[in-house]
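The next part holds the structures, each set out as structure tokens.
Same chain, two partners: subunit A is paired with subunit B first, then with subunit C.
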Partner chain A sequence: MTAPTPHFPHTETPSATLSGISVSYPNGPIVLNGLDWALLPGQVVGLLGRNGSGKTTLLETLLGLREPQAGRVELFGQDAARLDDAARARIGYVPQQSDLFEAFTPAQLMAYFKSFYPRWNDARVEGLMSRWDIARDKPIRKLSGGQKQRLSIIRALAHEPDLLVLDEPVASLDPVGRRDFLRELVEQVLDRGTTVVFSTHILSDLERVAFNLAFLSEGRIALQAPLDELLEQVRAFTGTVTELASLFARLGAQPLKRTPLEAGRERVLARLPAGVAAPHDAQAVNLEDLFTELT
Partner chain B sequence: MNAAAYNQLLLAFWRQRDLDAPWGRRFLVALALLGTALGLYFLPEFTSALLAATAAVWLMSLWSAIIGSLLKQNHPHVARFVPGHLRQLREAALGSWALLSLASSVLLWAFVPRMPSFALLLLLSTATLAFVGWAARTWLLWLVVSFAPVLFFGTGLDKRLSPLWAALRELWLGQPWSVLALCLLGLGASVVLMFGNGDGVHREAYACRDRMRRASEESLSGKRAGAAALGKPGEWLARPFERVASSWLRHVIARAQPTARSVMRRAEVVLHGQQHWLRQGMGALLGLVIAVLSFALAFGLAGQGLQDNWTKGAYGMAIGLASMGFNPSFALPNMLWHSRREQALLRLLPGMPQGMALNRSVAWLQLRHALVAWGVTTAGLALLAWAAHDLALLCLAFGALPLSTGWLLRVPSRMKAPTSWTAVVPVFAFLLMAWGMYALHQKLHTPLVLLAGVSVAVSALLGAWRWRALLAAPVALPTGRLA
Partner chain C sequence: MEAIHFVHINTGSPEPIYRQLIEQVRRRVAAGQLKAGDEIPSVRELAQALAVHPMTISKAYSMLEMEGVLERRRGLSMVVAAQHHRAQSAALRIELLRPTLQKAAEEAHQLELPKAEVIGLFNQLLDENAQ
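For the complex of A and B:
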């Protein structure tokens, strides 16, 4: 048995770069507004945002499926709208809707996609199909929502992509399914150094797997940082405007979100510089607080 | 009685109409009004009879809409958990059934000459409305209506059962009102029984109807659903189709090459879904086989030769053949819209053409299919025209050609969501053009060769103009959720 070939990043070229991206729907509001974002090789990023904040639009734009009104998207250093075959073979995508290709059976779906890719891990596909209890010859339209989603994930992992984009991949999965999926994801990252970006609302999963969090708010990435750093460095402060201003100046803290309170006081979520100890009256925040405040 | 609650139930069909696609509905109403107006113009001596018959048909259509909506509202969960809902549905259905059948009977009896007795009219209209309700619930009843008369008369059952008919007739003539009352009771009970009480059988039947309803709504916007939408009988019927489609998929995958031609051959399986040329071809073949068998059976049982009917029915058969051959091609752009979510994955596949190359590939794919379908159908029409000694039937082919090039080469990325209106526009346009050419030939003696030449020239011009616009479009497919 041969040891798995490590595929850690051998380049510092970002897997994906989005510069000044603006997207709006016809007669609709602006969804992405001058957004800048970069995904480095091997990074695992959890994309967080409220319902309708534009996560799916962002991921579709990142993949070159949606043409922005302004800005530029590059994947592996190429224009996302004109990717060559080699670059496309390095991308795996799990769309939000998993009820696709309903006329096919899972076996047909895998054979269909395999016919396009130069690399295809049959053993992994077979293993996951049997482990995740997916009937090979049952029409996809007859599978449950969770099974369809698992099938979609297997399809995206089968060609061992270097960039994996997952749009709410665990929405229809039960806790066991989510655990299995996260295990596969971690293995993918550890074995191959795959860059992963996935959107989700299930915060507990992010705490288990996402090394980086990106918060999408008002059409921009409001904040992106490693999860551990965020939990360690972000604190909630309450006080008068002047008190907090002088405190932040002294600590070198970066205010992230201000919430006015009564009597000239305010509650501010701020990020402390690395190595600076938080004052004892500052409140620690959890991931749910961060989601609520920053999106 | 809470009138507001009954209003809510009975008017739901109108309140829930598709406001995004009003033109199809308006067009049908306009067509009906035009038909009535023409009837009144050409048959002024039958004005009252015509108006009464039209009103009766409208009332029956109203029943069809109401009962369809009431059955939709009879959701198993609501039937089980909302107190009084099932009772209200039954009362609303029973009331509207009684009122509408009575009104249509009165109209026909009072204004249309040579009608049978009022009792018989009432029996017929109540039975018709009850049947329409049951057929909305159980689609297989339409099959019974389609084939039963042929089998019934063809196999001589009418003669064998004549003693029974005679006895029933005797009974009716002897005691018409008692028999009518008994029949109305039975029919009323059948209307009440249409509604389920939320048990397992109801849940299963409702899910099946819901699947069919969605398939029917989608088909209005050009998305052809698989036979699986008809439930288990549909799946059983579709099994040979699925086997052939699977064999084709295996074939194209086994011969996959990293060439644009091979990639597009695999892509079209997904892009056109149920409108893939193989499925279209099989559907047309099945339709032809059923038509031939039905004709053979009907004429064979009736003891008539085919030749005479062939000649007389050539025009109707030509329209049927043309609809079967040309119409599916007009739906191809709509299928591109309906497969837009799958396109997101297709566009990321290695080998898939990009930009202008994809524009060209998709356009050529559709045009090729439409032209092949046109060629085959035109050959069939020519055969029909030759057998029926009426070459003007070829006008159907001349009318379809410009639509094939003009409609299919629209820029998909600028498409709006198809509606029932946009789905029927090319079909009506095709019929209108064919009818116009037929009229030009028959009334003004325009030579068929000239009509054919004009059709080809217009098609070429339209095609060239559309092709240029299509190649200049930045994106070839309406990929994505909301594109």
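For the complex of A and C:
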């Protein structure tokens, strides 16, 4: 087997490109508003956004399951709305709501899906089913929420996708189940250099495996960057508006979020250019701070 | 060494995971717990043990290699570099602690805590960790 090189970003065709995407619901607010986004091969991107910010809508649109009112989605360089079978077979998806056939047993479900894909890793499916304690011959409707979620993950991994999209994949899993899932994701990245995008509110999981983070806010990807860089470059500053303006000009810092305080003062989250040391009194932030301020 | 016990990481910290890895390996080499020629877990082993993105691990290893803590053997395995055949002197080791204590000193100052109380707490924490 030739080893892929997942440790360095590739520079080939993006796995997914979204340009100028707008989605709104009938009589509802605009969910996605001229959104641009690209996922490069081998990237693992964590998608962060508040409840109701449109993460699921975004992931469904990315997959071509939902047609945007404006904009264009490409998967592996093809129009997502007219994807050929070969491209479709390169995608794995774990939806937020389990969409498994409840009357089937896990064994029947796997046999059914296997028939759709040119490639199917039986050994991996068997290994995961026994490691993750899934009864092969029990009707799916009798499985617990966590077991269904695991089964949905196994189904999405079985055909060895090049692009894996996971919408809240760990919501029903306990900490042990989540760790098992993260290990599987790491293995997938190590062995295949899979592009992964997943949404979750469990920030500790994101911190481990999502090398890149994308913040969804007001219908757009407000910021996408490697988490390491954000932790090293983003600082919280407090001072008067004029003080901070001149400080940022001097440092070349880019303000990301302003919060007005009393008496002409403000708190600003700002990103320093790479290699510029943070001033002494600037506060370091963690992922939770970034989530709170940027989504 | 078993990868799972090699290092531990804290999530929720402002310190990126790759930095935490670098600092822990540096400290263990300085203390002589890891010595010249000791093999360290591969990127794959450690990524799987910690459930961390492999790029985070390889970033830490490359930086440790650049600063001469680790070296790459033929093939891909990494070992502790040849010059680290024994623990560094306490005088050098305590310098590794300076940035952390510096920060604690600043915060103690901001909180206007009496020196004796701060030292007392540090003593207590040292004892707790020794157990």
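By our rule, the second predicted complex is superposed on the first by the 283 of 295 C-alpha atoms of A that agree within 3 Å, B and C clash if a C-alpha of one lies under 4 Å from a C-alpha of the other, contacts with A are read in each partner's own complex, and residues count from 1 in each chain.
Everything below uses one rule, namely that a contact is a pair of C-beta atoms (placed from the backbone, for glycine too) under 8 Å apart; a residue touches a chain by one contact, two chains touch by 3 or more.
None of these values were measured; they are calculated from a predicted model.
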item: Joint occupancy of subunit A by subunit B and subunit C, clash or fit; value: fit
item: Touching partner for A:L190 - first (subunit B), second (subunit C), both, neither; value: second
item: Partner chain(s) touched by A:R179 [first = subunit B, second = subunit C, both, neither]; value: second
item: Partner chain(s) touched by A:E67 [first = subunit B, second = subunit C, both, neither]; value: first
item: Which partner, subunit B or subunit C, touches more subunit A residues; value: B
item: Touched partner set for A:L227, first subunit B, second subunit C, both or neither; value: second
item: Touching partner for A:A236 - first (subunit B), second (subunit C), both, neither; value: neither
item: Partner chain(s) touched by A:A103 [first = subunit B, second = subunit C, both, neither]; value: first
item: Lowest inter-chain C-alpha distance for subunit C and subunit B in the superposed arrangement, angstrom; value: 27
item: Subunit B and subunit C contact sites that coincide on subunit A, given as residue numbers; value: none
item: Touching residues (chain side subunit C, partner subunit A) in the complex; value: 9, 11-19, 43-44, 47-48, 50-56, 58-59
item: In the complex with subunit C, residue positions of subunit A that touch it; value: 6-8, 44, 179, 182-183, 185-187, 189-190, 203-204, 207-211, 227-228, 231-232, 284-288
item: Partner subunit A, residues of subunit B touching it in the complex; value: 226, 228, 245-246, 249-250, 253, 256, 258, 263, 266, 269-270, 273-274, 341-342, 344-345, 347-352, 354-355, 474-475, 479-483
item: Residues of subunit A that touch subunit B when the two form their complex; value: 25, 56, 60, 63-67, 81-83, 85-86, 88-89, 91, 93, 95-97, 100-101, 103-104, 108, 111-118, 139, 141
